[in-house]
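Both complexes below contain subunit A, partnered by subunit B and then by subunit C.
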Partner chain A sequence: MEITTNISEKEVIITLAGSMYVEDAAVLREKLMGFIESGHKQFIINLHNVDYIDSSGLGVLVAVQKKVLPKEGHVTLTGAKGVVKELFELTRLNKVFRMQA
Partner chain B sequence: MYSFSSLAEFAILRDSIKRELVQTCEEDALRLFVAINEGVNNAIFHGNKEDNTKKVQIIIERSPEDVQIIIRDEGDGFIKTKKTAGMELWDENGRGLDLIGLYVDSCWWNTKGNEITLVKKINPDYCKPFKTCTSL
Partner chain C sequence: MSVSQGIFDGMCDYCQRFDLFNMINDALLLIDFEDGKILFMNQKALALYQYTEEEFLTLCADDIANSSMRTLRENMELAKTHKEGYIFTTNHIKKDGTIFKVEVSARYMTLHGTPVFAAVIRNLTFEGKMREEIQMAGKVQHRMLPRDLENELFRIRSVYQPHHYVSGDLYDFVYEEKSQLLFGIMIDVMGHSVAAALQTSILKYLFLKAIKKNITINDRLAWINKEVMPFFKGGQFAGVFLFEFDFMCNTLTYAAGGINHFLILKEQGPYIIKTPGLFLGIHEDEVYDQGSYHFTSGESFLFLTDGLFERIVQPMDHQLDFWSIHEMSKKIVNSGECNDDASGVGILIR
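== the complex of A and B ==
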């Protein structure tokens, strides 16, 4: 999985590409938690080019959302499609995140 | 049959498994892969507890009616409890079994709890006809 990061004053934009398996989720968790420790709390995660995400990846995104919500931050997910979008809907995680096309 | 001892070995096999699933039933391939991947993660991490001396096996069998997948580890076995039976929305872990349940028609464990069988019925409207082996 490719993880590309763009940081502005207001938010961190993470663009993911490929399949997110358990080993990729561990890398993403470390990266995102590092940003939170540095004071970032607004995250936009682009899933447009993600064709698969497993339960560990979903868990990392939930963990980040739980960390930033009390700080008035938020995780916004953009571009989810196909099975990835379906996974968020079936697990009702589309209620946990802001989902944008 | 696929046999491996670690996540790294499974990572090498993922594309082959996907290809086999596409050949088996293209429309359901990715959803079946979701279930297999979650089952394998459970087998590696919870079943074999990342012990690389222990194997995980995957067997994929197609019949005219369904695809049956067996995932077997060499661990002490898994007992489904209330805690593992359903995910809470904000839980960070524990979605694997629910994802399996969402993407197959039925699943069950052997008595020991170290082998899960997943069954997905074939939709004849969009799956290729089942081809039996023919003698040359």
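== the complex of A and C ==
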């Protein structure tokens, strides 16, 4: 899985590409938690080129959301499609995150 | 910090100037590669082996190593041939005779013209004890699982394999003979840690309380979710699937919270049933749906956590039946290839 990061003053934009399995989730967790520790709380995660996420990947996204919500932060997921979109709908995580097309 | 006088004068200046080696959080030894005499030790080493500086300086490597001279020499030679260093585990001895397990990160180097075996010693006693404790916890967790049941109405077969000693997975089922109700739960807590294992225990306990409540299955799931919230404050969550077989009216009812699928094996082949529902531990007031299915004799049902589900459904052979899937599941979980906890409960209707 490829993880690309762009940081602006207001938000951290993460672009993911490929399939996210447990090893990728660990890398993503480390990156995102690092950003939270350094004060970031608004995250936009682009899933347009993601074709699969396993439960550990979902775990990272939920953990980040739970961390930033009390700080009035948010995780916005963009571009989810196919089985990834279906996964968010089935697990109703589409109501937990801000989802954008 | 002490340095063997006379033999290593240049090194002494070097060490005193930088005092670097006492910043290392593990014991550090410098040993003369030729005669095995200990030339230098940092404060951590003194504390670990319980010698005074004066005592230590009279020792050789074989005084602290609980291995033969031959093994000791072999390890030193291996450190010499491995340019990037050589790591091995062995047992060392303290002054009071206590033998303890250590990891030695060794490297051969020449310091001020003296060939030296440099060794960073990490005490593995704590890690070893922790491993033993976790292994014991894993055994206790395994004993929480119910035994496979079998009667004139159904047969249950299950598989269970933690990824690493303890598991974030757990399942339970309870059959009430009088009402002919079979209650069950599949649990998949995020992670494989001891904390996840404890959370599975809480969920099992809540399940046992929930089935005593005269409420619908989706309300039971909502109640469990509410009760479990204080235990999922740190960003964790759990997948849970509740099922209930009523053998009086041949109906399965179920509610999903993050484990959003199960399999039905019919004569025509397997069917994946998907059912929505949010993980537990995220929203305190989450409302869950209830699904139902009218079952008939010969059908079977597979409730799997994703570690197993993903391995079985890829895609499934239509010829597979309850028993062959059970055998396949056992092979999968015993293969060591799962990178997740894996559990499954199969119920064959007789």
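One rule holds for everything that comes next: the second predicted complex is superposed on the first by the 101 of 101 C-alpha atoms of A that agree within 3 Å, B and C clash if a C-alpha of one lies under 4 Å from a C-alpha of the other, contacts with A are read in each partner's own complex, and residues count from 1 in each chain.
Definition applied: contacts are C-beta pairs under 8 Å (C-beta built on N, C-alpha and C of every residue); 3 or more make two chains touch, one makes a residue touch a chain.
No experiment lies behind these values; they were computed from the predicted model shown.
In the three-chain model built by superposing on subunit A, subunit B clashes with subunit C.
Comparing subunit C and subunit B on the residues of subunit A they touch gives the larger count to B. In the superposition on chain A, contact of A:55 is made with both subunit B and subunit C.
In the superposition on chain A, A:7 makes contact with neither subunit B nor subunit C. In the superposed model, A:22 makes contact with both subunit B and subunit C. Judged by the touch definition given at the top, the superposed model places A:67 against subunit C, while subunit B stays out of reach.
Once chain A of one complex is fitted onto chain A of the other, the partner contacts of A:93 extend to both subunit B and subunit C.
Clashing C-alpha atoms between subunit C and subunit B turn up only in stretch 332-340, chosen from 116-124, 134-142 or 332-340, once the structures are aligned on chain A. According to the touch criterion, the shared surface of subunit A, contacted by subunit B in one complex and subunit C in the other, consists of residues 21-22, 54-56, 59, 62-63, 66, 90-93, 95-96. The residues of subunit A lying in touch with subunit C in their complex are 21-22, 54-56, 59, 62-64, 66-67, 89-93, 95-96. Subunit C meets subunit A in the complex at residues 188, 190-191, 234-237, 239, 258, 260-261, 274-279, 282-283, 306, 310, 339-340. On the side of subunit A, the complex with subunit B involves touching residues 19, 21-23, 51-52, 54-56, 58-60, 62-63, 66, 82-83, 87, 90-93, 95-96. Across the complex, subunit B meets subunit A through its residues 7, 11, 14, 30-31, 33-34, 37-38, 41, 45, 87, 89-96, 98-99, 102.
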